[in-house]
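For reference, chains read A, B, C and D in written order, and residue numbers begin at 1 within each chain.
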Amino acid sequence: MKKSVGIIGANGYTGSELVRLLAFHPNVELKFLFSRSNSGVKISDLYPDLESVCDLVLTNEISQTDILFLCLPHKASQNWLNENLISDDTLIIDLGNDFRLEGEFKNRNFIYGLPEIYFDELRNAKSIANPGCFATAIQLAMLPLAKENLLKDIYTTGITGSTGAGQSLQPTTHFTWRNDNVSAYKTLNHQHVDEILKQINSLNNQELELNFVPWRGNFARGIFTTSIISCDLELEKIYALYKDFYKDSSFVKISEKQIDMKQIVNTNFCVIQIEKQDNKIAVHSAIDNLLKGASGQAVQNMNIANGWEQNLGLNLKPLAF
Amino acid sequence: MKKSVGIIGANGYTGSELVRLLAFHPNVELKFLFSRSNSGVKISDLYPDLESVCDLVLTNEISQTDILFLCLPHKASQNWLNENLISDDTLIIDLGNDFRLEGEFKNRNFIYGLPEIYFDELRNAKSIANPGCFATAIQLAMLPLAKENLLKDIYTTGITGSTGAGQSLQPTTHFTWRNDNVSAYKTLNHQHVDEILKQINSLNNQELELNFVPWRGNFARGIFTTSIISCDLELEKIYALYKDFYKDSSFVKISEKQIDMKQIVNTNFCVIQIEKQDNKIAVHSAIDNLLKGASGQAVQNMNIANGWEQNLGLNLKPLAF
Amino acid sequence: MKKSVGIIGANGYTGSELVRLLAFHPNVELKFLFSRSNSGVKISDLYPDLESVCDLVLTNEISQTDILFLCLPHKASQNWLNENLISDDTLIIDLGNDFRLEGEFKNRNFIYGLPEIYFDELRNAKSIANPGCFATAIQLAMLPLAKENLLKDIYTTGITGSTGAGQSLQPTTHFTWRNDNVSAYKTLNHQHVDEILKQINSLNNQELELNFVPWRGNFARGIFTTSIISCDLELEKIYALYKDFYKDSSFVKISEKQIDMKQIVNTNFCVIQIEKQDNKIAVHSAIDNLLKGASGQAVQNMNIANGWEQNLGLNLKPLAF
Amino acid sequence: MKKSVGIIGANGYTGSELVRLLAFHPNVELKFLFSRSNSGVKISDLYPDLESVCDLVLTNEISQTDILFLCLPHKASQNWLNENLISDDTLIIDLGNDFRLEGEFKNRNFIYGLPEIYFDELRNAKSIANPGCFATAIQLAMLPLAKENLLKDIYTTGITGSTGAGQSLQPTTHFTWRNDNVSAYKTLNHQHVDEILKQINSLNNQELELNFVPWRGNFARGIFTTSIISCDLELEKIYALYKDFYKDSSFVKISEKQIDMKQIVNTNFCVIQIEKQDNKIAVHSAIDNLLKGASGQAVQNMNIANGWEQNLGLNLKPLAF
């Protein structure tokens, strides 16, 4: 029997992307899509790609479900959980950043939803804090080194698509401005730095700096990052570490060939490549910010918490072109 | 038990797109991928998105399969079938244009693979000529009028993505040239015109002109067309005709709201909208040229010919953004 | 001595593009940039490309100048001229559509600013109605046929960049939506149709229909149009007509080779190509919507009205790539 | 009287961009355009934007000119100069990388053509080695710190347009591949690193590392770079250093507001912004790779060497949108 699902904030990018994934998921059934601002509107009127895929009407009333996804603006999840009574039996997966640094909230304990390090904790979890998009891409690129205590100070540049900025109309999401353009934002103080360092520093036994500069790219989907680190290990041993670390991971691919961002767009994969020159290595990683960076990873976490195959509903045809 | 599948010309865009679709299809198993030029190479080395999705090695030897897709350059399928012996029991689906105008070839009779008009003939067919991409988009936009004998001369402009031009490197597929650019090609003499007129004139009882100008667009996937026709019927009656004509079609959506091309990218859908001013109507249609315009429709035809649900393996997550 | 120039509505796309052109024009000096909404702000704070090119501060006070450009929303120019007293000696060039169909206003008579037909009237004109962007591209493609009374009903599709939609934030100018997308708008009822027909019907001695469907393209600058018309004349004779009609035009190029939109981006040129099949011709034309389609043509008109060389300040380096 | 100019390799991107610039330059006249592979072809047949701008025919014969630009593949300039006799009076500007690291060649001494440090040497120079595109963007971002001996190890990511890869057809310049894509190349070993370090280390009195990872961007023109460096100086003092260093530079703009790449596209400007967090600074810089990064800077150098105003022929209308 299918599990019932509700989505809070279904009218945004990550909420609607969950609808796209769950509409074809064999083990769940979408029961309600909650949106305060668009209550009464069909989700397919907001996102016409969903016509004949999901024709649910957005509602401002919640009902009890087996699984609940929160797709709210950052810092809004706590308020929402304070104002709404959710059964202790409901699996809550929060896609915001409310519980990533501090998981304790009321009688719940949110597990950080990066399956590549917390798979065991996520099995049977009832509360999951889904990681940030850049946080996912950068951590997956750094974890094998951190685990071996080989990480030093990190210098990272990342570029993200316009969906990372949400659906609100802003000067930096105007097509005329963004087309053929690149720019930096939140230079050296992006909110994901703390989220990344919390995990990395718990593995690595010395404190590190993460110098991270995010760029806005002129594409809609995808994240590409390059991190430069001092490292004396030979490249083939580094590759061996990475391959071993991810040997059981369904969605992390280690490549010895040149990677490009588009190879993972519209999939839940993360692809990682490492290059070395003298005593420096550069680790490249790429994800789809809305999938492995948000809604895809949320479904992966849902699968794990329910004891299902990780890739259930996530065998997505790559866009490729 | 799964049916076995071979793909001839698997190294091209439509061939590799078939691999993406069939890798997750529940009723078939990819048995071999044939390529003369890339024999011995892993398909995922050509298309890195396929890594861990399909790791078959391209081969220049064929073996007998239940189903065979031909993804060869136009006019190469006949030669290939002359040179290779294929069992009469094998379902052959040709994605080229060799058998679209004339289906009789040796002891086979290729059915034109547009399920919206030939569904019955496609059931149990052993030979299918898969339609062209523009031909699909324009026919689906015109068929309901043709059937009612309401079609007059047609004035159509269509725009297509760079995947329509194939993977060969050409001046007009160079990024520097094509980015932010639009241009026309094969003006008023595109090879799909005859293919379209053959079907339309068989329904409509007077001969029509199709004045079609295709444009090159600065995107990789998708086709958008607008056709202008004289028509005295009221708009709501026209919509009623279209909805009735497509009432059993899994993949054609009739929209009374403004459509846009991206709403169907990475899906097998065709979406159609009609607008009217005085005695003229404009019919807009959009498809993904590699899916409903090629490999997706080929899978749909395979499903029909095998008596399976049409949408098996075609419940694709829309790209949306 | 340089002529003084004021720009009303300098904070928009066409106003700022005028600043870019006039900052380097040898015969004029920018005296003031008027903007109600951004008064007190440096123009280069709104458009950082203008830093060190033009550092004027937007003002809400006007002063008398030799030349005045109105870059206001459509229908706002009449109000503005009713509320502000402008000397009869001032050359007024209106970039809106207030005076294109009816040039008489108070004691002024606006000349339609298409130099390819009204060059003589524009010399010494004091009031000029600058044509619309699509109107310029389509008229230039049709005028030589109209003059010879060879025009029949016209079927035109045009595609335009996002700058055509202005700088306001709208769902259809959101990068996430528009990137890789195409859609139609104002199907068969664009406001430029009347503007075009007024000019064409005054040359052609029978009434015509213009069936025009504009599309939104995923680029920022440029317009490309294709018009299909019945025409029995041989192609070489048609080309001869076009070359003769434009033999004295500085900015119209007739090409017998395939044209593409980007070849004229960032220039004031219009490029036209003609193709023929049976008794139908397709005329392609391309302009930069902000230059020959707006601000560039306004400068060309200013040059003509002052008796200067038409290309003064308009020898623009093409973007090319 | 105008100086005569010849361009060797005029059929490539940087050669044709020189044609675009020099066609409107008041002090020079294009005398010949040399191309071995396209001899006999009109330059405007290769680049249709040049039609009616420059209609010279490419030739494989050279004649003596006052000024000669070499726009050859890297390492081809030495061969060419060995095989062709050029008068000692001719100003030679080489856009390749043959003379950037070692300027002595035969009886000539190539001055490194970065006017922001070698302005005096470039006056009256007869041989100029024009800098690389990334080399220009990164040096301009680092020079003021180097001069004050404040530079430490540098961590730089840069992204470049497809014109940086030249006009040859390659898999990574295929539109289908590059559209919406990002990837790294020449990771930590780009050929410009030595060029940059040579200049920086001559100013800074300690040896530095430059860890540079270039990315391919999905746009045609432009370079954006971010460099992270340890620096204890307060931000306002850093800005003061930069503004002082560039106070006489015509084409370097120091911005305290967020910069974006497109603000300098189609201009000869470099724009630089600095941000600081704790003891790290990030310096962003942007140029048009074909202008300040190649042909524009070559014209600037030509102007300086002839004692003309630096911006002669370089007052280019920004693309802006």
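Just so it is clear, a residue touches a chain if its C-beta (ideal position, glycine included) is under 8 Å from a C-beta of that chain, and two chains touch if they have at least 3 such contacts.
Just so we're on the same page, UniProt names per chain: A, B, C, D = N-acetyl-gamma-glutamyl-phosphate reductase.
Values in this document were obtained by computation on a predicted structure and should not be read as measured data.
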Comparison of A-D and B-D (more C-beta pairs in contact): A-D
Longest centre-to-centre distance from chain C, chain (CA-based): A
Mean-CA-position distance for chain B and chain A (Å): 34
Separation of mean Cα positions, chain D and chain A [Å, integer]: 39
Euclidean distance of C-alpha centroids - chain B vs chain D, Å: 46
Residues of chain A whose C-beta touches two or more other chains: 13, 161, 163, 176-177, 179-180, 218-221, 259-260, 262, 321
Contacting residues of chain C [partner chain D, same complex]: 13, 16-17, 20-21, 24, 45, 47-53, 161-163, 179-180, 220-221, 253, 255, 257, 259-260, 262-264, 266-267, 269, 271, 290, 315-321
Residues of chain D defined as touching chain A within the complex: 155, 157, 159, 176-177, 180-185, 187-189, 209, 211, 213, 215, 217-222, 224, 226, 228, 258-262, 265, 275-278, 280, 282, 284, 286, 321
Residues on chain B engaged by chain D in the complex (per definition of touch): 13, 161-163, 167, 169-171, 173-180, 218-220
